[in-house]
C-alpha cells in the first residue's frame, strides 16, 4: 500500500501516519519530494483498510499495490485449480458442460431433458428448485420437492446436479442432494450466506453479481475460502450496463482477466446474460474460444410453456448442434470436451 | 399488457396467443393492422409474466402498461404513507433525521455521539452491529453485543434505534431491540430475507441496490409488503455508474420518481453515496430541497480512528451546522424539522 | 506520478524506467522495499502519459498523483472564476438563470417566451438553431435562420443569447450572434471543435458528455483553455446509467466535486437529464441548494406542439412558480438571484 | 407505433391524439378497454417522433414497434452487404484483418510494421495520423504528414489504408489517400461530420460510441447512408461500464444482435476495448468464433517506445501466432481468412 501525503503535509502529519501504519505491524519507507511525500507500506497489506488512512486530513490518496485477496490469488497458487464435481473435473483444460431447465417443473420434464442433454454431451444437469424472482407474484420454484426430483433423475441418468441455494436454512438439504451449489448473482454479496458455505466442502458455483467488479467477485470467493471451503468455481453471467436490448452485457474479458488474478476455474452462462435463445450459440462459441473452463446453458423441451425464462432456453435439438460446434472450436484451440 | 405480433404472424398464431392469455383469466382485445396485429390484455396483469409470451415465435414484443406492483403502488393508495418508528413519524411532511456512527464500537462511543446528535436535532440513532464488508478480513461488526450497546444507549438518550439486519437468523433479536430495521443495498434482492420480514411488523428501511432500477426496488418493497409487513421506508444511497471519483452516484431524481410510483416514504443517505464527508453537506441540502422524507447521515466523534467508513463521517460540530442549514431549506420549502 | 515496479523487477529494469522518466525532464526518487520498489516522479507530470510506462514489462502500476490539468485546476487558481456573458455575471455567487425553448421555431414563439421568462426572472435566453438529433429524419433545427431570430429577439427583449454550436464551420456566425456558445454533450470530446473555440474569446458552456468522468470533462475544458479561450462554464446535464425510467441520471455530486477540482462556474440543466417536465422543479431546487452557479431550463409556451423535447419543457406559468421557489432556497443558503 | 392512453383519458383526449397522428399521414386503430385505450399507428412510423405524443397529458406511454432506421435495416435488405475496400471484400463471410500501429510515427516504422503484418496475413493497414486524445498535452498525431507516410507505404506494400478522420476540414485529403475512413467512438454522434460523409462514397468504419446503444449506433450509420454513402462497416470497440480493470467492456453480443438488426458488416477491435495487449488474443478468437466480419488489431514493432497506446499493441511475432489461431477457429466455423 502506498500513502501519498498532501503537498502541505507537515513533519508531524507524516509521523502520525507512519506510526498509524507501524502500529498495525507493517514497515514503512518514506520518500520526501519537493512537491509531495509518499509513504510505502511494506508487509502483508491484505488486511489493511485503505480508508483508515484516507480519512486523515493530511493524506491525499491511498493506493493498493497488492491485491486484497490471498487464498484465491494466483500469485500464491500459480497452478490452475481443478474442482471435482462428483467425478466430473472442472478446470485446467477440463470443460464443464452444464445444461438443463431454468426451473424444475416435474419429474417427467427433468428426466426427458436430462436424457437428451446427456446424449448430446453435457456432463452436469442444472435445474432450479428455489428461484430468485424480481416479483413476489412470479413462480418461486418447487422448493425441496424440486430437489427430490433432481435426486431421482440423477439416480436414473447419472449426471451430477447443479442447483441454486438462496438461504442458509437449506444448506443441509443442498449438501445432501446437490453436487455443485450455485450462488446466484443477487446473492454474490450476501456475506452471511457466503460464510455458511465454509461449513461444508461441496463445490460452489459463484455467479458474478450484476454490478460486481472483478475484485469484488474474487473477494466473495475469498469469503467462502477463508470460511473453510476452497472448492469455488466462478461463473460469468453478464453485467448490467446502459444497453437494454440484451438483458445483460456478457463480459468475456472476464476470462483472461480472471486467469491472471486467480487459479479458480471460470465458467460462462450465456443464457442468462443475453436473455434470448438466439444469442446463446454465438456467445457459447466465443466463450470457449476465449478459453473458459465450462458453459452453463439453459435447455428446455417446451420453452413456449416453461414456467420461467423460456425465452432464453434452447430446445434439445439446437443444443445438440451447438455441442458439435463447441467441440470443433475446443479442438481448434487444443482442448477436448 | 400489450402483445405485439410479428408482421408475418398467421391467424393461428394470433389465436394461440389469445388463448394463452385468456387461460390466465384475462380478457383480450385484438387490433389487426396492415403491418402488424396487437393484442391488448385487459384485467389484473400484475401477476402475468411477459416472458411467457415473448417466447412465442410469432410474438414481436410484449409491453407492460400497468406497473407490476400493487401494495406499494400510489395508484391504489394515493395518500402518502406515514410510518411510525417508535413514536417518530416519517412521511407526508415529517422528516426523519437519522444520525450516528457507521459501526458500534463501544458504549462510550455510541453514548457520546447519541447525546450530541440529539442535541443537534436528530430524531433517530443509527449504528451498525453487523457490517457487510467486501473483504472477509475487514472488521465485521460487534454483532449481538453491538445491539446490546444500542439498547443501553436508547434507555439513556431516548432515540429510536436504526440498525442493519444481514440474516434472518437474527430476526428475533432485531425485532426486540431495533426500532427501524435496515436492509442494506447488497441484500435488496435477498428475496429469502425479504420474505422473513413479513413475519414481523417492525418498520423496515429498504436501501436501494447499487444496480437496482426504480421498478426492482419498489418490487423488493412489494415482497416485504406481500409477505405481511407494510411498514416500509425506501432509502436512496447512490447507484454504481462509470464515475469512480465518488463511491457511488447519488440519484436524487429518485425522489420525484418514487413520489409518482409509490406512497411509501423516501429517505436519502448522502454519506454512503459519496464516500467522502465533504460531499455530505451539499447533498443533504439538495435532498431536502428535492422534497425527501428524511436523511441518514454518518456522524462520528473520532473519524480518524473509526473502525469503518471514517472518511464519510461528519464530526458532531459539523453535523450541528448542517442541521441548521437543513432547517433553513426545509422552512424555505414549507416543511419543518 | 508514482511508478510501482513488479516484485521481480531487476536493478536493470529499475534503471531503465528511471532513465525514461528523467529523459522527460523530471526528477525521480526510488523507494526499494522487500516486496516491491517504487519510483516517485517529481516535477510537472501534467504532460506525462502514464501509458508510456505501463507498457514496460517490469512495471506493475502507474498512478497519477497530480491532476492532469493545469489551467482549469483550482490548486493553481484558488478564487472562483466569474464569467461575464454580455453583462450577466456567472460564478462566485452570481446565479445564471437560462431559460427558453429547446429549438427556435419562429420569431413569434421565441419572442413570446423570451418576454415571459424575463418577467419571471431569467437572465439569459436559450434557443437551439442547430439541433443534434439521434435520427437523421428528426427536425434538425432552423440553422442560421434560427440565429437571426434569436438576434432579433435579443434586440427587443435584451437577454443574452445561449445557443449550441455543432460545427466549426459556423464559428464566425456564432461569435457574432451568440453570447454564450453551448457545446453539447455529444461533442464534449469533439477535440477538433474544442480547439477551434480557442480562436475566439466568447464564453463557452461546455456540457458534460453522457459517459464522461469528471476528469475527462475538465480535460475538455482544459482543451479550450489551452487553445486560448479561458471563458468556460461547465454544465451538468445527466449521465447515462442502467436506469432507464429517466432519460439520464442527474449527478448533483458533480457540483461539490467540481468545486474542489476547478475554479470554473458550474451550471445544471435539469430538463435534459430527466427528460420529463415534472422532474425539473425538484431537481432545479436541489441544484441550487447544492450550490450550483446557475440553471438552464427549457420553457415552451406550447409544449404539446413543440418541434422538439416538449415533454421536458415547463410552461411559462410553471416556470414563474419555480423561480419563486428557487429564490426562497437561494436566500436560505445566503445567495440571491 | 402504439400510443397507450391514461386510464382517465376522455373521448376528447382520444380524438385529439388520433387527429394528431392522422395529420402526419398515418392511419390509426383504436382499442378501447375497460382500463385503458390504445391507439395503434399504421404506416411508416420511422419518421414519427414518439415525444410529440408523450407530451400530451392524457397519454401514458408511447412505444415504437418498428425500428427507427430504414436504409440500415435488415428487414428491408435481407442479404448481408459486402463492402469493397480497394479490392478487399468485407462481409458475408469475407473477413477483414486490419492491423498496424496506433499512430503513424515515421515512414520506417510504418513500413516495417506493414511488411510484417502483411506476411502474417493482414489484408489492411491501420495507422492514426490524427489522434483523439483526452489531454490537450498528449501527442496529437502527425496530421497530413502522417497521411503522406501511409500513402507511401501503401505504394510499397500494397495494403489498403485505414485511418481516422476527426474533422470535415480534411475530408478531401482522406478521400484521396485513405481507403477506409474511420470515425472514432467519440465522434459517433458528431452528426455534422456524419452528414459530410455522405458527400463521398469511400467506405466508412463507424466505431461504436462508449455509451451508445445498438439503436443509436445503427442510427448513426443511417445518418451516413441517408446522406448518400451506403458503404458503412460497424466496429465494436468496447463500451464504458462500472468495471475499471479493463479500459472498456468488449460487448461481443453486439455481433449476433447487429446481425438481426442490420445487413452491414461488423468488425471488432479488441485492442482498444481492453487496453492491454494480453487481452487481445482471447478476445480476437472469441470475436471470430462469434461470427464477426473482421478484426482490427494494434501491432507495433517497439511498443515500449510507442508514442501512443503501446500497452495494447502486440509485437509482430505475437500477431503472427494470433493469426494462426484465428485461422484455426475460422476454419472450425466454416470460414476462411
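In this document, chain identifiers A, B, C and D correspond to the written order of the chains, with residue numbering beginning at 1 in each.
Methods note: a contact is a pair of C-beta atoms (placed from the backbone, for glycine too) under 8 Å apart; a residue touches a chain by one contact, two chains touch by 3 or more.
Bear in mind the structure is a predicted one, so any value in this text is a computation, not a measurement.
Shared contact partners of chain B and chain C, listed by label: A, D. C-beta contact counts were set side by side for C-D and B-D; C-D has more.
Centroids built from CA atoms put chain D at 31 Å from chain A. Chain centres here are Cα means. That of chain C falls 27 Å from that of chain D. Centroids built from CA atoms put chain D at 39 Å from chain B.
Annotation for chain C: residues touching 2 or more other chains are 211, 240-242, 244.
The residues of chain C lying in touch with chain D in their complex are 46-47, 49, 51-52, 54-56, 68-69, 132-139, 166-169, 186-187, 189-193, 195, 209-211, 216, 219, 222-223, 226-227, 240, 303-304, 306, 308-311. Every residue of chain B that touches chain C in the complex is listed here, in rising order: 211, 213-215, 239, 241-246, 249-253, 255-257, 260, 273-274, 278-279, 281-283, 285-291, 325, 328-329, 331-333. Interface of chain D with chain B (complex): residues 2, 4, 27, 29-36, 38, 40, 42-43, 60-61, 63, 65-66, 240-242, 244.
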